[in-house]
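The two complexes that follow have chain A in common; it is paired with chain B in the first and with chain C in the second.
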Partner chain A sequence: MLDDVIFWTLGVLAVAAGGMVFRFDSMARATYSLLLSLLCVGGLAILLGLDYLGVVIVLMMTIEMAIMAVFMVMFMMNPAGLMPMSMLHNKRGGAALCAGVFVLLVVGIVLAPWPERAGRADGDPTMALGQSLMGPHMLTMMTLGFALFTTIVATVVLSTRRGRYDRLGDDLRARHADDPVRGGIGR
Partner chain B sequence: MADTAPLWGVVLMPFALVAAAVAAAGLDAAVTAASRRGPAAALRDLPAPLGEALRLLGQQRRRTDVADIVLGRVGIGLVPVAAVLAAAVLPWGFRAVTDPVAGIVWFNAMEALAWAAIWLAGWGPNSALSLIGGYRFLAQGLAYELPHMFALTTAALGAESLRVGDVVAAQQGLWFVVWMPAAFLVYLLSALAMAFWGPFGHPVGRDAAGGAVVEYSGADRLLLLGGRWLLLVVTASFSVPLFLGGGQGPLLPPWAWTLLKTAAVLVLLIGGRRLVPVLRMDRYMEFVWMVLVPLTLLQALFAAVVVLDR
Partner chain C sequence: MTLELFLVVAVALFSVGLFGALTQQSIVMLMMGLELMLGGIILAAAALWHYVAPASTDGQVLIVLAVTVMAVEMAIGFAIVTALFRAREVDMTDEAAELKG
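Let's turn to the complex of A and B:
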């Protein structure tokens, strides 16, 4: 009973907050409305017994949305985003697509022939989920993760305007890094 | 090991937290008064935060033009709420309000929520200086958050569990601070930083005329600044179950040990604030990325090797 109440409250709130992203005319409000939606999703994951996954969703999405708010506001055309503005690029199409996917998923959930529970629930559902998702593919996932991380670092290194040769000279022998901003390690 | 607290404990927890925050703020005021006007003034200024809170309650709210009132209020309210929610996994003695399997991650998530809330509070009033304060916290928070997470991870690694109760139980005999000193120090530093307090006070710094709080007065200001004290108390007291053995100790009951250790950490932080000026962020950032992150990674590696060898 209580679980039902929590489920419907969080579910309706998640969908409503997700919908409001398309209604708000302020970057900050849209971002934090999306955050609210994702926090509700984290709560739903906890309700399913996936404590770790749920809490990690809350943690990661909070950090992610906060950073996104800053970047969106920083790079939008009006300075600091202090004026009302909406995401005019294909708002209708985006909303229609989201609604379509939502309906598709709901129909799938309602119509799918879910199997009856066989046996008891695992003591640690997060562990069980991880095992069944990537048990035999752990090595692949680790390799993939490493490759992705290397790509991120390489991209940053390649795109940065001032590399280590600018800072420490052509033979990297300079005692002090030549930085436009003074301060930091060893200076 | 840790049990769930009875219902009265749940009801009592926020009040106890507020009392601890008032005591900490009182100590800070007393130390400030003693350093400026001699030891006699310390006693007189001890209840100063209470007076300040009453004054703020009677003060009128300041309004700014075209403010985003909803987001600003959400931000202000989230700071104390996140602090109280984070304290739910904080064991008093061996009893916490709740002891979920991912308690450490929960604590970190609530800290992140407070972090996002400061930006909202800075954004709300439609004022450049308060927005600068909010932006500062977000940008600097990235440098604080990584070593902070690694320090939390190291404690969890040592106990092989994310449950706070297990972390406390794993320290029977030997506290984590003994063989994870680097993680403990980094945790204390980043605890100060996550509560943007003392040497890390840039988001509400004087150079930005008060930063994120500049446009707030009355109850808003009380909630925001009081919430910051709550955050400081919660992050400081979480170092006790993480690294200082929680309620473990001879003779005294567990709750008394928790209280003593928490008080010791708070006194250290509040006293230490006098010795350290507000840090230059450009210098500290580089120090974080170049020294603290590798240091905490090495500490985590050390803890992992010890655990594997056990």
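Let's turn to the complex of A and C:
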């Protein structure tokens, strides 16, 4: 009974907060609305018995949305939401497409012959996940590790003001920096 | 609580996120739509793990994968927005149609 109440509360709140993300005029409010929606997703994961992953989702989304709020202020259109405005384009077409996707997927969910529950959850799902990632799913973990490392390098390269090619100019054989302003490494 | 109910909530989140990703003008807001879509995928994976194959860890691994994708998407997305804004002072999807350097 209590689980049902928690499920309906978190489920409705997740979808409603998700919808409000695109209704608010203020980007700051939209960020916190998205945070609320994703925290509800974390709560639902905990409700399903995934305590560790649920807490990871909650912690990660809190930090992620805090960072997102900074970028909202950097690239804002109307951060305080003091003026009503629309940040949407092709609203009607997008809404129709999304409603179609929703109906199609719900029909699939209702009609699909879902298999019976096979087996029982391990007493400690977190331990089972760790052993799986370090055993049969080691390749997945290694791929994720490389992807994260590549992301770190790519984000630094993308966000630095001047890269190697800017400094040395178009000629990759150049040995001296082609600084646009004197006084740099090229002097 | 049933598998179907969890999946309907997941699909609702995915559809709302899709609406944002398709219609938002601001690139940062577009990324918020993608985050919502991934949130729906995480919820669906958790529900499938619990109701279909709790003995297997595949559902949990899928969640780890989706959470990592969320982090990567946000980091790369913000880096691209920063680079784009520096190069052209553009932060809107309509103005970022041309990606040549």
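One rule holds in what follows: the second predicted complex is superposed on the first by the 98 of 187 C-alpha atoms of A that agree within 3 Å, B and C clash if a C-alpha of one lies under 4 Å from a C-alpha of the other, contacts with A are read in each partner's own complex, and residues count from 1 in each chain.
Heads up, the rule we're going with is that a residue touches a chain if its C-beta (ideal position, glycine included) is under 8 Å from a C-beta of that chain, and two chains touch if they have at least 3 such contacts.
Values in this document were obtained by computation on a predicted structure and should not be read as measured data.
Set against each other, chain B and chain C differ in how many residues of chain A they touch, and the higher count belongs to C. Applying the stated contact rule after C-alpha superposition, one finds that A:124 touches chain B and leaves chain C untouched. By the touch criterion defined above, A:58 lies against chain B but remains apart from chain C after alignment on the C-alpha atoms of chain A. Of the two partner chains, chain C is the only one touched by A:15; chain B is not.
Of the two partner chains placed by the overlay, neither chain B nor chain C lies in contact with A:138.
Using the contact criterion defined above for the overlaid structures, shared-chain residue A:29 touches chain B, although it does not reach chain C.
Once the two complexes are overlaid on the shared chain, A:69 sits against chain B while remaining clear of chain C.
Contacts of A:107 after superposition: neither chain B nor chain C is touched. By the touch criterion defined above, A:153 reaches neither chain B nor chain C. Shared contact residues of chain A with chain B and chain C: 56, 67. Across the complex, chain A is touched by residues 1, 3-9, 11-20, 22-29, 31-33, 35-36, 39, 42-43, 46-47, 49-57, 60-61, 63-65, 67-68, 70-72, 74-76, 78-83, 85-86, 91, 93-94 of chain C.
Contact residues of chain A toward chain C in the complex are 3-4, 7, 11, 14-15, 18-19, 21-22, 27, 30-31, 34, 37-38, 41, 44-45, 48-50, 53, 56-57, 60, 64, 67-68, 71-72, 75, 77, 87-91, 93-95, 97-99, 101-102, 105-106, 109-110, 114-115, 117-122, 125, 128-129, 132-133, 137, 140, 144, 147-148, 151-152, 154-155, 158-159, 161. The residues of chain A lying in touch with chain B in their complex are 26, 28-29, 32, 35, 51-52, 55-56, 58-59, 62-63, 65-67, 69-70, 80, 82, 124, 126, 181-185. Interface of chain B with chain A (complex): residues 68, 70-71, 74, 100-102, 105-106, 108-109, 112-113, 115-116, 119-120, 123, 126, 128, 131, 135, 138-139, 142, 145, 162, 280, 282-283, 285-287, 290-291.
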